[in-house]
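Chain IDs A, B, C and D follow the sequence of writing; residue 1 opens each chain.
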Amino acid sequence: MPKRNIVVEREMQFPPFKRDVELVERKGIGHPDSLIDGVMEEISRELSREYLNEFGRILHHNVDKGQICGGATEVEFGGGLFTKPIYVLLSGRATAEAEGRKIPVQHIAIDTAKRYLKDTVRHLDVDSDVEIESRISAGSAELASLFSRSGKMPVANDTSFGTGFAPLDDLERLVLAVENYLNSADYKISHPSVGEDIKVMGLRQGNGIKLTVSIAFVSKYLEDIDAYAEHKEKVTESIIGIAEKITEKEVEVSVNTADDIEKKSVYITLSGTSAEMGDDGSVGRGNRVNGLITPFRGMSLEAAAGKNPVNHVGKIYSVLATVMSREIAEEHEEIEDITITLLSEIGKPIDQPKVASVSVLTKEKGQFDKLKDKVAHGVDRHLEEITEMTNQIVFGKVRVF
Amino acid sequence: MPKRNIVVEREMQFPPFKRDVELVERKGIGHPDSLIDGVMEEISRELSREYLNEFGRILHHNVDKGQICGGATEVEFGGGLFTKPIYVLLSGRATAEAEGRKIPVQHIAIDTAKRYLKDTVRHLDVDSDVEIESRISAGSAELASLFSRSGKMPVANDTSFGTGFAPLDDLERLVLAVENYLNSADYKISHPSVGEDIKVMGLRQGNGIKLTVSIAFVSKYLEDIDAYAEHKEKVTESIIGIAEKITEKEVEVSVNTADDIEKKSVYITLSGTSAEMGDDGSVGRGNRVNGLITPFRGMSLEAAAGKNPVNHVGKIYSVLATVMSREIAEEHEEIEDITITLLSEIGKPIDQPKVASVSVLTKEKGQFDKLKDKVAHGVDRHLEEITEMTNQIVFGKVRVF
Amino acid sequence: MPKRNIVVEREMQFPPFKRDVELVERKGIGHPDSLIDGVMEEISRELSREYLNEFGRILHHNVDKGQICGGATEVEFGGGLFTKPIYVLLSGRATAEAEGRKIPVQHIAIDTAKRYLKDTVRHLDVDSDVEIESRISAGSAELASLFSRSGKMPVANDTSFGTGFAPLDDLERLVLAVENYLNSADYKISHPSVGEDIKVMGLRQGNGIKLTVSIAFVSKYLEDIDAYAEHKEKVTESIIGIAEKITEKEVEVSVNTADDIEKKSVYITLSGTSAEMGDDGSVGRGNRVNGLITPFRGMSLEAAAGKNPVNHVGKIYSVLATVMSREIAEEHEEIEDITITLLSEIGKPIDQPKVASVSVLTKEKGQFDKLKDKVAHGVDRHLEEITEMTNQIVFGKVRVF
Amino acid sequence: MPKRNIVVEREMQFPPFKRDVELVERKGIGHPDSLIDGVMEEISRELSREYLNEFGRILHHNVDKGQICGGATEVEFGGGLFTKPIYVLLSGRATAEAEGRKIPVQHIAIDTAKRYLKDTVRHLDVDSDVEIESRISAGSAELASLFSRSGKMPVANDTSFGTGFAPLDDLERLVLAVENYLNSADYKISHPSVGEDIKVMGLRQGNGIKLTVSIAFVSKYLEDIDAYAEHKEKVTESIIGIAEKITEKEVEVSVNTADDIEKKSVYITLSGTSAEMGDDGSVGRGNRVNGLITPFRGMSLEAAAGKNPVNHVGKIYSVLATVMSREIAEEHEEIEDITITLLSEIGKPIDQPKVASVSVLTKEKGQFDKLKDKVAHGVDRHLEEITEMTNQIVFGKVRVF
């Protein structure tokens, strides 16, 4: 038996997919909340890589607060113009000096933010239409030794928790897949008018699923209202096509439901993101680390994006709980649903959570007792290797929003 | 039977208080996340009152994005000084012109933010140590007629949902009570060294509760490390006193666990909030509308603070679901736990949610069938009077964080 | 004979008052350029006093860059409102740490800026309608020993110069007096509708003077266009009254010449300064240290406001040259006009200018030769006591704009 | 005789070149004051071209206020890094809407600012190390008809003046030439270590000239202190070479006089401008429209950079007075020195100044009377064609700083 405080319980709850009503949402990569999540996470990764290069270890930082203040545009079929730039505020803190050497924190932050926005929103002219301001507090490295000690397990930065579950159910996979597909490089090539700001909301009632998809179309590819209607029709068909591959339930798809084609009041943008027209975004207000918002499941409110990947348990426990739920569920086909919550205690080694609370629902009755110890062992093993998560985050092997 | 789509189910889940492990958190009113929640909500309320005065109806606004970037201080026993001001960014959008009249949106925003911060953090010199910038987009009132029409039910601004539950369980009541007590006017008079930035985290394992309380003490009332230790001891006793009145479970209390008294490394501040020393805050990253963070319950990720109280379902449904859960639970003593989720459909009247999903756990078996219709009627009645929520929010009768 | 390099020449030029055309301007204390001059100078003074209190000497600082970005208002007779706040950017650099002690530079800067604006513009609600941001770079005190050494003469920070002349001629005295009178406390009490933003431009052609005065009237004291016309008429009379006391030349006065009374297009403001309605201000773009802009005289382009009063020759030489011109002219009644230019050499003691170039015009021929040595002695003596200027500046005994 | 109010007087003054002491300064194109002058002027030009393209006429704008807040760098031989970005604030006002069409003012402003900075400072990584914020007020075009009326002469925006003189004397030509040469493309290719931030101060006493030149060297081309000393030596020789071609007076050259080679305390930068290390810049604090600061000549304090080139007399009169002085001096070889001052009257056509005051010094006695009328005619002709100046400014044919 593992020495860690791992509690495996029988799941006594109805998981969402067994309820009558289920709701799942994903804010696509071009949604203002996701954009700023992505910006801050990429800054954390870039800083981490820079620290590793310079010092052989990651130094302290948490850049998990950021804000996008929407700009203003005048959009018309075929084009448009920016009348007020998008404003991006980078916030948080990072080590700028250690061992007598300086790290160009603000340079890295601004450079990375620009690069990320350019890469993520194809039609946004970041140089001209985005103002980026860094208010990241640059400190020196007093706590470095405590923070990341070679050969020693990091200690939890706070008393906090992370939670994860697996596997994704039908509706969850569907919502995720739709956004991923519409934002894939291939799809963009064949459908350039589809912007990156895509929000997918899935509602299941009984066996019927209703997908409400909101897409910021790009005006320059749409010469008039007819073109818009045509493109929207095609995208709707694409979504139905994807849905049929993922679920056998009946799926109804609505795209941009607030459109009024008669009045030519439709959802078109210059850049493909609503951030251009007044929509704001904040870190941590969008997807959880599995890429979804699942109100009928337990969720952490902690933003993972931008937090340091070494000892910030709000991040590393969320990622680890998600990853190990998935792997444990894959190893044991008896598992219908598994939810893992890791609770830290400030100042204690992160591989020793105060409690790892696991609840398991098996596909058939009577399987739980046999599984219990195996699951506990699986959790124990993942905790043993928790520091591996840090690398996976830094080198982009796991998603955090 | 009500015509609304109200589904009342038997709760098939173990509510948190029946589980082995339960976790509840509250960020006190002086925590950076709560501070910015409070600032933006107060701005929304002040704007609403101004719109009512000027036009007889509330005009469109959503000021639900804001950011506090922490300042820097040098703190020592007996005093200290600010070396970098706290920066507060106000964001979102609000109607600044309607019917040929102007509303001084930026004036109201900045004025309200200052007043709120002064009222909330006693020892913060807002005039000198806080920089406030408003990037609220001030628009004109094209959508006013749609938004708030006299005699007509507002229509949902989006497809979204709100959730609420009742009653609070032991741990939840305890966490809430501790913060409320430590931040009460009476307590502050007798214990002036206790700052407003208080975070209470409650962990229950079986019958034992551990409260981890983090308090920003105010340096000017503490002449040396001994005074600090003494004050901390007194506060710990106060918390134990409160706990005994609320729960019969065994409660262990730790205050400022990261302190190192030997090294004089303790949690003291100039102003009573960690925002002074680099801690940032964002709207919607703290408490839900019932004042708590309850990771083992379903939660909405929507920030309520700052959203318009007329048709933003992310706010009004959250508040209504919370209020009606409480009132229905109080009316029917058979109810052990009730959770209500309201799902909107964009463009539909807000008193007609797409679905009102209710799950009820009764204290004894066999009570559900008799309750079902009564609960449905209760939900129907509250939906009938949903617009009443707007006034309660505007005039400060309900909390939103 | 003095050992300093003092060159006294016979003035070979026609001073402006002997020319056919002469132009003089003063931007009153509420003009945006003067406002920001005043803000930054007051910050320098406050910092200097703080340094003196803490360290017994003034530490290095130069806060001579600042910017006011105008706000926006809707003004009507009887009142109005702000629709966009005035934004004030404080810039420059100041010592924030020395001898292990910290100085709250940003706190002092913001606090002083607010206080100054409140004191200077009676009707500006600084708390609500002004955003102040400090980007003053706070450094540590490496150069302190060089900068201000007890018992040693400071050394020039740069190769630069300052210039001054005396006495003021008729037109110069008139322009200065008009603004001073209209902005005096007494006048404000009896004429509350007269705002602080007053620009006086005086043009002399031969014996005729035309004063063009621009005044931001305060709307709340003016119920309608008739009241405006009446108040303007009274102010015009006040100016004529003052003019008659100062000069015997014929003076024509125009107030707010761009007014169109018919169309009710007149110069009224909410706060008494045009900064409320889009007019920007920058340090150093307004009056020289004698309070005037005199294009037909030699002028320094250096802003004095905000510069350190210890060794910044652009400031201290300008002030000293102005003060000593005045005193020397008063001592010797033969002097009709005296202009003194002090040129520094970086790194050399400030009481040893590279050259002090003096040109003197006497009232009668033949007086120059007798005066020459006396003037040189006077200049020498003032240079001897140059450090006295520092105190006079810090404690507000001399004007710098 | 011309109908305009043109007064030609005999120059009664000693021009600076006839005095014992003369002082001239030029802030090079990479100096922070010049940089922000250049940024704002380029924005005005780009806006003007955009207005011409869209509307066939230039719309109202004045973007003559801007501020550079210096960044922070760590510089060492061979390289270095930015620790705080340079912050650039764009201010002023511009027409963003006319005839139902929008102009992307903020887009143009930010885009132009970036482009200009990239073109002007070779080694500044504008994308990463510069934050640009536009607070330009974007207004609509109420005054457009008054401002620029096809076929009608624009009317003066204010009562103001501009002044110019010709020809440049020895010292003035020398100071200008040195900076132009060191910042020429050819020189940069052969001397890449010479940054763009070059300040040249020339002091003449009798027949001796002392040039004090301050140059921000670029660290990456300098591997150690010896390389620095060597490069500085070469540049000094280059300057002596240029000087010999321009003047026969004896010229002494000092470069970076504050250097302490022993202590390796020298003037090296990462980017070639001192803006990287805390030096601020403001519009209008540097060179006058002839490219020089000439304290012994009459000067306007008005910044020309960024002002509209249609009716802002502070700009167009300064440029015209400078251009016409030069051309008139070239036409009449008898002229030793000519100074022209144009004074406007608000609301009057700009080709009808209130007075054009001209003073002429001839090389020989007795030439003035014959010249007087010719000069008056020349001034009259230039005023006749004043609107031509606008095009020359917009299309970059004349310098303004």
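In this section, a residue touches a chain if its C-beta (ideal position, glycine included) is under 8 Å from a C-beta of that chain, and two chains touch if they have at least 3 such contacts.
Quantities reported herein were computed from a predicted structural model and do not represent experimental measurements.
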Which is the least count of steps on a path of touching chains running from subunit B to subunit D?
2
According to the touch definition, list the chains common to the neighbour sets of subunit A and subunit B.
none
Quick check for the class: compute each chain's Cα centroid; which one is farthest from the centroid of subunit D?
B
Taking the mean of the C-alpha atoms as each chain's centre, how many Å separate subunit B from subunit C?
51
Cα centre of subunit A to Cα centre of subunit C, whole Å, reads 56
How many angstrom lie between the CA centroids of subunit C and subunit D, rounded to a whole number?
24
Quick check on subunit D: which residues sit in contact with 2+ other chains?
84
Could you please write down every pair of chains that are in touch?
A-B, A-D, B-C, C-D
Show me the residue ranges of subunit A that touch subunit D in the complex, using the header's touch definition.
74, 81-85, 96, 102-107, 110-111, 114, 125, 127-129, 131-134, 138
Subunit A-touching residues of subunit B, taken from the complex the two chains share:
7, 9, 12-14, 18-21, 23, 65-67, 69-70, 72, 84, 87, 89, 91-93, 135, 137, 139, 159, 161, 163, 201, 203, 205, 212, 257-258, 278, 280-286, 293, 295-301, 303, 341, 343, 346-347, 354-355, 357
